[in-house]
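To keep things simple, chains are lettered A, B, C and D as they appear, and every chain counts its residues starting from 1.
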């Protein structure tokens, strides 16, 4: 007998909420039951499109008795409270990253989650990207021997508005946090963080004392070293690459191509078209796969991954990187 | 006001019929209303899956009054009759290639189609592949100047069963027919065909007097020359590439990669994983795009492409290639 | 004891003669002793540069008693006589391709060469290109199983002057002849030739009834098929690629890159600089390796390759291609 | 009138001395006049090969009155004294890197060099690599706008013997020193150094307290950040890549390929042969170009580059990186 589709309550119907709504609709094993957004027009439009019920109030979704799981896609400051309410209601949660910008709030929530046994999965969607996932699986399978160096290059196409920078928690908590999780996806036992940040082109970064260009180095107990290279802009388009160097070989994850056409002429040869613009295109498949995996989790067919503790660890590394970049000191990371 | 979805009658629920059924289901502007297959269990399973009605008889679908368009995915010998019946019923048709193995039957059907004004589209799905389509659009846009040479490499992963070879009409009508259409997609005015075929590895080809390896050369009025290189097998996987060489540059369409991961070690560097296995994977997006375009056609929002005459032209070229390969002579093509 | 350097007599000090003079000078096991050119200033300049003796008369070089081998780099119509004179003098010969444009003259010379036992090597330098040579060695080693298809793409950067076209013997004897030899380098037993030629852009080709664009198909006894694609111009630069497709895999020889730098920006990504301009750059290493191999041959440390008969075979294929292109018929090749 | 070849005195006839001897011999504008090596058999063999005079004593070369320039390829601890003696003799010097492992000795020598006006060039040969040089020229030409990030990946094929590690001055002074110079080749105004080093695989590194794996971050006044990634071994072969990321694009320098052949089969596609083994192959052209440029310098036709001060700056950065890696602190660099 085919199981009933998992009924989702979606909180937040902004850009990323729309991505998840579409993923839910596309998965025959999931259905969108409720959506909440204080911007009620957004909630209603989404509800109408997918045959769900709309409300302004997240609590109403959680307490509706008509949802099997909660997907939190609302602004970061609301995450902790919404996770708590969902967990108390016994509802598995898939929460967008980061859990919160304040590690203290994360730590305060942690005992409840551990005690509850309710699965809380973090939206580090890149783990589900077919390219990154294939590379990680091959590293874990030993295809390159012992992992010794990991280089993660992560550059956004363009800096966000200055106002966003002001509330983002800074580049390390906002942008690098994905790369911290990616580092931990490939490599266990990170113990030390150093970082260099500069502001060279973005007025928003300058205004808010943030960095627009950053390099982070992580040291693992094994002696492996991770290098993360970030920029808030990239004329080349969204640039997301990984190089895993091991004792017996190297795996590199390149940027996906828009298509397989290459142009040669008198000026240049074998030129490819620009990369897909941004994360919604680049990680479309990753979002879908993340949702499918979460559905399995809700059904007890998969274990939680990435976990609340993965979200916490990434935040600890982000905090450490911030401190390292500000002081020039290498910071021990207690994960 | 959103228009009602186009109601499809699908004739044939084999492998390729399944592909179209799924495309119809995935397109919000299309719906599967009826399916017909003499193998009634197949028809019923498909009907049940997509909420359609099943029958053994294609005529019942065409005359149901409940369909807006017919999609013909039944065996080749049935195509002509089914097109005729559909056209007489005033129903737009999307018919899998080839129209028929016998050019005389195609010619006999042609006046009816021209007189009827009912759109008949041929299933040369590769025109809708994002890679081929992007290259063709850039050629038409003049990105490489005047097109002078076109190389189409097309190799299947493995030869089909000997029994299939026997009914296939031969490699030129069965396999190269796609490449003939691709040649005409890029280039007008083909006037001459020469061909070389050999049988080197496939017992089925030997048994039925077919070729397993073939090269076809087409000459266009403009002086442009097309080279088609075919093989019934490929250890490398499904191999579908195009090189368009023009007076000012060159566009090449490569095989899509399974993912963007490359492996380097002591034996080889920058090695990529094998290509996606076969046409269902490689041309998945092409099938969907073909269906979406046909829906537009049914609604009068697009013109027919590729047309019945495109199907006829490809068959004329296939016949000519067969004769050229058998006699060693260059054959004039009257398209 | 180190052997004495081989003393070369160089006949012809034009562009290609200069290449050979430099190769001789660069090889510690070779030395340039005599040079001949009716354009005596050219001969003298070359002689002075490399410490050789100059003359107008090739015979004087051959009869000087001061040379161990003859390198013929004079115009094609002089080749047969110079080979004959050298062989009669017992001097090993390295002769630029083609032997002659007239097969009858080649056949007439053949018995003398066979009877003499004097090594006559033909200047099909591409066999010594490290890229082509590596691919051929791997094909011969069985890396791709049985060779089934060979695609040779060969395009010159720009058409030669119309006057040259008039004396060239036509594209097949002048340009494709290299590709015929390359085909035979990879594959034995060619038995049939078909060809299509057009004139689309070059006034010189039009003026002299030559083709500027051509495709040749060769069939081998084994069932393997060779495709040669030629153009007299290429906006992309000198374009020389090979694809060897076998029962178990495929080897492709790409164009060498000017350097390893790739540029990505908002318009295109991973764009490489244009290819090296023409054969002197592309095949510089091939010319040197050819000379080194010939020195070994003179010393009895290597066997002749490519031979006079290789030169003859390429000419037979060129003649057949010319006839095939003119008549549309497939021509049997009696090599 | 052609100028006389520059007469070289070569000090040191070990592996790198041989490279320079060959470069001198291959350059028509240079000649090897004297060679010195305490291992007199080595000196004699080299002298005989190239028609030079041999001695055990470097002073004898410098004072011979028969040399126009000195090339120092002896062990590092001898460099400072030999530079001093050459400069006092008024002889231009090309000295292998590093000047010395002890910055104090370098500083002590500096005033003499500045006062003398005698050109002293440092053997940072990678600046002359056609790939790196082309990329740098394009960065300087503004092809990627303002340089914001530079990633230098530099991995040796295999760790040197433990005994060598003990005298090498450590990975930063021995290996990274090339990368420090490369960073300065692309980017001015480096002001800060941080570094992470680990020992994960090399017993020699463990024995001598050195690192076998290292990452260095350099900050420039402009806000640009340089990342250097080093390993003492690489299963992939010698791995030397650069990525220059700017406000308007990105230039990447890849590893040169052994040849242009790629293999595809059922296991992997488009696989390339392993990279050239080590620096003598990879940088062969760079060594030749370096020598040719130095000859121009001796003749007053070029300015010194890289200079003694470039050698000093690289050593300062190496010292800073060593301290940074040992303490975890970010170190200000006073260049």
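Note that a residue touches a chain if its C-beta (ideal position, glycine included) is under 8 Å from a C-beta of that chain, and two chains touch if they have at least 3 such contacts.
The shown structure was predicted, so the numbers you read here are calculated from the model rather than taken from an experiment.
Common neighbours of chain A and chain D, listed by label, are B, C. Taking B-D and A-B together, the chain pair joined by more C-beta contacts is A-B. The mean-CA centres of chain B and chain D are about 58 angstrom from one another, to the nearest whole unit. As a whole-number value, the distance joining the C-alpha centres of chain A and chain B reads 41 Å. In chain D, 144, 235-236, 248-250, 255, 263-266, 270, 273 are the positions where the chain touches two or more neighbouring chains simultaneously. Residues 130-131, 134-135, 138, 143-144, 248-256, 259-266, 270, 273 of chain D are the ones touching chain C in the complex. Contact residues on chain A toward chain D in their complex (touch as defined above): 144-146, 148-149, 151, 153, 155, 192, 194, 196, 198-201, 213-215, 217, 219, 222-225, 227, 229, 231, 233-236, 239, 245-250, 328-330.
Taken together, the chain C residues at the contact with chain A in this complex read 235-237, 255, 263-275.
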